[in-house]
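Take a look at the structures below.
Consider the two complexes below, in which chain A is the common component and chain B and chain C are the respective partners.
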Partner chain A sequence: MFALTARPLQSVDLSPLIPDQLAGKSIAKIKAIELHCGNRSIAVEQLFKVSGNDSENISFLRSSNQLNFIGSEMSYGHIEIRGAVGDFLGKRMKGGRIHVHGNAGNWVGNGMAEGKIEITGDAGDFIGAARPGDQHGMSNGIICVSGNAGDRTGDRMRRGIIIIHGNAGDYCGSRLLAGTIIVLGIAGKLTGYGMKRGTIILGRRPKSIAVTFNTCGQLKMEFLRLLFRQLTHMGRQFKAFNELGPEVERLAGDFACGGKGEILVLQ
Partner chain B sequence: MLIRLIGGKVYDPANEVDGEVRDIFIDNGKIVATPPHDRRIDKSYDIRDRVVMAGGIDIHTHIGGGKVNIARMMFPEDHRNDPVSRTTRTRAGCGHVLPSTPIAGYRYAQMGYTACFEPAMLPINARQAHMEMADTPIVDKGAYALLGNDDFLLRMFAANKDQQIINDYVAWIIHATQSIAIKVVNPGGISAFKFNQRKLDLDEPHRHYGTTPRQILRQLAQAVYELGVPHPLHVHGCNLGIPGNVETTLDTIEAMEDLPIHLTHIQFHSYDNEGDRRFSSGAPRVAEAVNRNSNVSVDVGQVMYGQTVTASGDTMSQYRNHLLADPNKWMCMDIECDAGCGVVPFHYRERNFVNALQWAIGLEIFLLIGDPWRVFLTTDHPNGGPFTTYPHLIRLLMDRSFRSHMLSQINKSAAEASHLTSINREYSLYEIAIMTRAAPARSLGLKDRGHLGPGASADITVYKDQVNKEKMFAKPEYVFKDGELVVQNGKIVKITQGATHCVKPDYDKTIERSLKRYFDRYHTVALDNFKLRAEEIKGNGSGVLAIHPCRTAKHA
Partner chain C sequence: MKINGVLIDDTFAEAFPMQATGIIITAIDLNWAYRAANSIIGFASSVIACGCEADIERELKPSETPDGRPGISVLIFAMSVKQLREQVQRRVGQSVMTTATTACFAGIDSEVTVPLGKSLRFFGDGHQISKTVNGRRYWRIPVMHGEFVCEETTGIVPAIGGGNFMVLAKTARHALAACEKSVKAIRKVPKAVTAFPGGIVGSGSKLGSKYKFLTASTNEAFCPTIKGQVTTQLTEDIGSVLEIVIDGLDEEAIRAAMRAGVVAACSLGPKNGIYRISAGNYGGKLGPFHFPLREILK
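Up next, the complex of A and B:
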């Protein structure tokens, strides 16, 4: 357990504090781990009060939005965070579960390959997206945001599911390569801009859609029943899915990029 | 201040000292002979049982200039995955295969290297390259100006201009770019690529200018020789990376007759096309030719496994390689019609037949060339691998059982196809000192570097003598730069600013008249702005320009 004792002035890279790296380490050793803070290095004990002995279940208390890269590249275990978190939560994670009781910054689940991230508050821009230089965004796993999401949700995402219970910002699912994005609130401008394949499921018709999307009319899509039933098994917060689908308005696009993707607006 | 290093085992090939125990005295940044007994020693270091060498010199490492920056921009993941924190002395930075400029300086110093030479500085990029090198602390640096694909020179070749005029132009470029030597990359080939030629053999004429690589090489080598520039023409030849290019390399050596020439990253030019996969080692033939021709020196450009980025001016070969890009992104571009730039990321894998054989070919060249004075240790950083792999490479050369062990890990067919198993040679510390210190200094004409005799600048590296040579060379105990202790046990203890080495050959200044006309008509900058002045290198007083003498000019 890591309880933040001093609010860091600059962003801190917490990527060494994952179950994979803490396993078998004594408290003294963990306290001495060096973290990048701004352009300097500081020891864990300068920021956190460290206690407990279960390296598989890590919790961060009184977390701050300056704490970046939490759960980066973790492959198993559970990280629970009380308070806000910074950017790059669960970057390239390969398994395990992260639960945030608060808001998250930008780039949640950047390049994640497996695992599950739950955020009870809002999340920033670029959820599950590809960072400049990367070939694609998240390649599998589930990200679930109970609040609202920022812009560019799922930009260049490759596989996996992103669920936003609230509203999504502009360019939701832009340049989507494949995968599923579900937004139960309102999505912002130019949803699905430049998407190649993949599915964006919306609770309501978005503010605007690019002219390169074609409406295919009202359809009954049976796969939604299967998808939603599967989701309801995953936890209480997914109960709402019981009453949704399978009738949708289907929009195919983006025809500027092949047009194999679809936006499904739930009726 | 008089410093005494007591009782180290000194390896100083330039002065034929092979492991003798002796004291070294440093006075005001220079190594001096034993001073009189009554002089007070200000500081002494007890380095008994330690190995003492001059500071390392890397003759070919891409640490500045346009292509490195393009590679940095294209490869942000290399930077964000390797952040380096600021300390009280050192600056923050990042990057593994393409470290940011200060980090490159620190890492070189931490390995005991005290001088690095950027081998492919486009004249138009000279200002940027020198600025980056000025931002690389501790180590000395220098750059080779890139010629052989620039429009002005090719026009002169096409018009059959007199050798004397070409000499003047080459000397003018050396002056204008504050460089120490001349490099040619795929002679004429980068230009030919822009005229839609995808291949240019040694005797293939350029579609537009009608020149052949042979002519360009000969005349440039002649120019460099006649101007008395100490370092021979630094040649990145034709057909880089093509199976069967060993023939071109041998022809190139043949074509030079007795002119001195330095063939760079020769590993990439030593491929034969025998066997089932039409890819085999041409290293024995190249090594034999190098052994026979004393006018030829080489550096290897060893391939080391792992992720790296290849950054080269050779757009022709980089375009050919782009299908192998890993991760899949690449770029090729023209730079001001002077040459080009291609950046392709590579991941060398030991299980891959081609990569594994490339690795073996590099080692074969190291081990089959008899004279360590003519083969230098490089990985063509970052093209074959980052310079931080040098200690591992040194261990491969010095430790046969380690080499056999590594050979057993690589692709089986590649291991069978290579000649490595039959080579028993192990490099000695003396030979390593030659190839990483004495020989590069001699080749570049640095009289006061690369040795430990009186009068030399006190660039000294002190290693703990260990059986594991990788560990030994990765972390020297002390590194002195110009007499100041800069690294102790792998930690930077002082930041200094190294000198920029250059040469200033004599030439006829009337060449500027025709250059002025050319610049006014075609160039993007005015002639006066193109020239890099000595004051710019000196900057705000932190930079030093070290001018080395040319050989007495010899005219044909």
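Up next, the complex of A and C:
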């Protein structure tokens, strides 16, 4: 368990504090781990009160949005965070589970390949998205945000599922390559802009959709029965999907990019 | 040994190794799931000429299926993985995908797999969509009824074919009544199926033939009409013999199915024309799995 003792003035890189790196280390060794903080390094014990001996289940208490890269490249175990977190939560995550009881910054699940991230508050921009220079965004796994999401959710995402229980910002699912984004609230402007393939499921019709989307009409999409049913098996936070039916308006697009994607607006 | 006055022969059923797979068919209602299931198990009574043996294992409640619709579990058996792959691909494509409102999912998990949507997806002609949910890959193929959803693959497991017993009765009507009761009882046993029409074999076979081109021919020792001409297993009072052949995913499934089937047949007793229960074996030439009747029924 890592309890933050002083709010850091600079951004801190917490990527060394994952189950993969902490396994087999003594408390003394963990306390001595060097963390990048701004343009210098500080020891873990200068920031956190460290306790416990279960490296597979890590907790961060009194977290701050200055704490970045939490769970970066983790492949197993569970990280629980009480409080806000900064950017790049679960970056290149390969497995395991992260649970944030608070808000998260930008780039949640950037390059994520497997695993599960749950955020009980809001999340920033570029959830599961590609950074400039990346070939694609998240390639698998599941990200679930109970609150609202910022802009560009799932930008250039390749595979996996992003669920936003609240609203999503503008350009949700922009340049989507594949995968599934579900927004149960309202999505912002130009949802699915430039998407090649993949599925965006919306609780309500978005504010605006690019003219390069064509409606296929009101339909029952049998796949949604399967998707929603399987999601309900994945945890209590997905129980709401049990109530959702397969009736949707299907919008195919973006025809500027091949038109093999779809926006499904739940009826 | 006698059960309800019916003599149980001191013999054994001889079975052989097979490869098996399972699929789950769902549809808008149970009626349409049955239509697809009955189509896929059509002409799948014996590997001798059908390429595979298949039957409905059981009905599935909506709570038991991946998409929450009513469904049917079907088991398919063949002599090799290659044969099974060929048969499953053809049968799911022509019998399940063509049935209105159906979807098809894996019924068995295993590392060795047989393609389902993996090969059927091409029917989508480029409009198919793949989705991975909960670590499983599915294909969405746009079809005229809407969307055919099909899991990428289903598993193949080693299995056993040819578990059997024979009901020796006064007439065909008596034998059939007993066998119908047996099949009804066997349907309640998980992991076991009876692939012949109605679950009953009217023309049981022995290995080989006087004709070189035949691998199997009539089991004359149990044919009542020629019992005066051949070395027969039948007594004077036996006028008809029907066989129940059981395929199962493991030995225990076959044993449980044989036990349930024999007990159900014997419940009619000699007063209803049921005189003896026997089993087919070929002196150990056919396969390594032996199911002694009396031991199973202890």
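Criterion: the second predicted complex is superposed on the first by the 267 of 267 C-alpha atoms of A that agree within 3 Å, B and C clash if a C-alpha of one lies under 4 Å from a C-alpha of the other, contacts with A are read in each partner's own complex, and residues count from 1 in each chain.
Convention: a contact is a pair of C-beta atoms (placed from the backbone, for glycine too) under 8 Å apart; a residue touches a chain by one contact, two chains touch by 3 or more.
Note that the structure is predicted; figures quoted are calculated from it, not measured.
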{"item": "First, second, both or neither for A:Arg204, with chain B first and chain C second", "value": "neither"}
{"item": "Partner chain in contact with A:Leu226 - chain B first, chain C second, else both or neither", "value": "second"}
{"item": "Touching partner for A:Lys25 - first (chain B), second (chain C), both, neither", "value": "neither"}
{"item": "Partner chain(s) touched by A:Asn140 [first = chain B, second = chain C, both, neither]", "value": "second"}
{"item": "Broader residue contact with chain A after superposition on the shared chain, chain B or chain C", "value": "C"}
{"item": "Partner chain in contact with A:Thr180 - chain B first, chain C second, else both or neither", "value": "second"}
{"item": "First (chain B), second (chain C), both or neither touched by A:Lys239", "value": "neither"}
{"item": "Touching partner for A:Arg159 - first (chain B), second (chain C), both, neither", "value": "second"}
{"item": "Which superposed partner A:His36 touches (first chain B, second chain C, both, neither)", "value": "first"}
{"item": "Touching residues on chain B, where the partner in the complex is chain A", "value": "74-77, 80, 83, 85-87, 92, 327-329"}
{"item": "Chain B contact footprint on chain A (complex, rising order)", "value": "13, 34, 36, 39-41, 131-135"}
{"item": "Contact footprint of chain A on chain C as seen in their complex", "value": "66-69, 101, 103, 127, 129-134, 136, 138, 140, 146-149"}
{"item": "Of chain A, residues touching chain C in the complex", "value": "140, 159-161, 178, 180, 197, 199, 219-223, 225-227, 229-231, 233-234, 260, 262"}
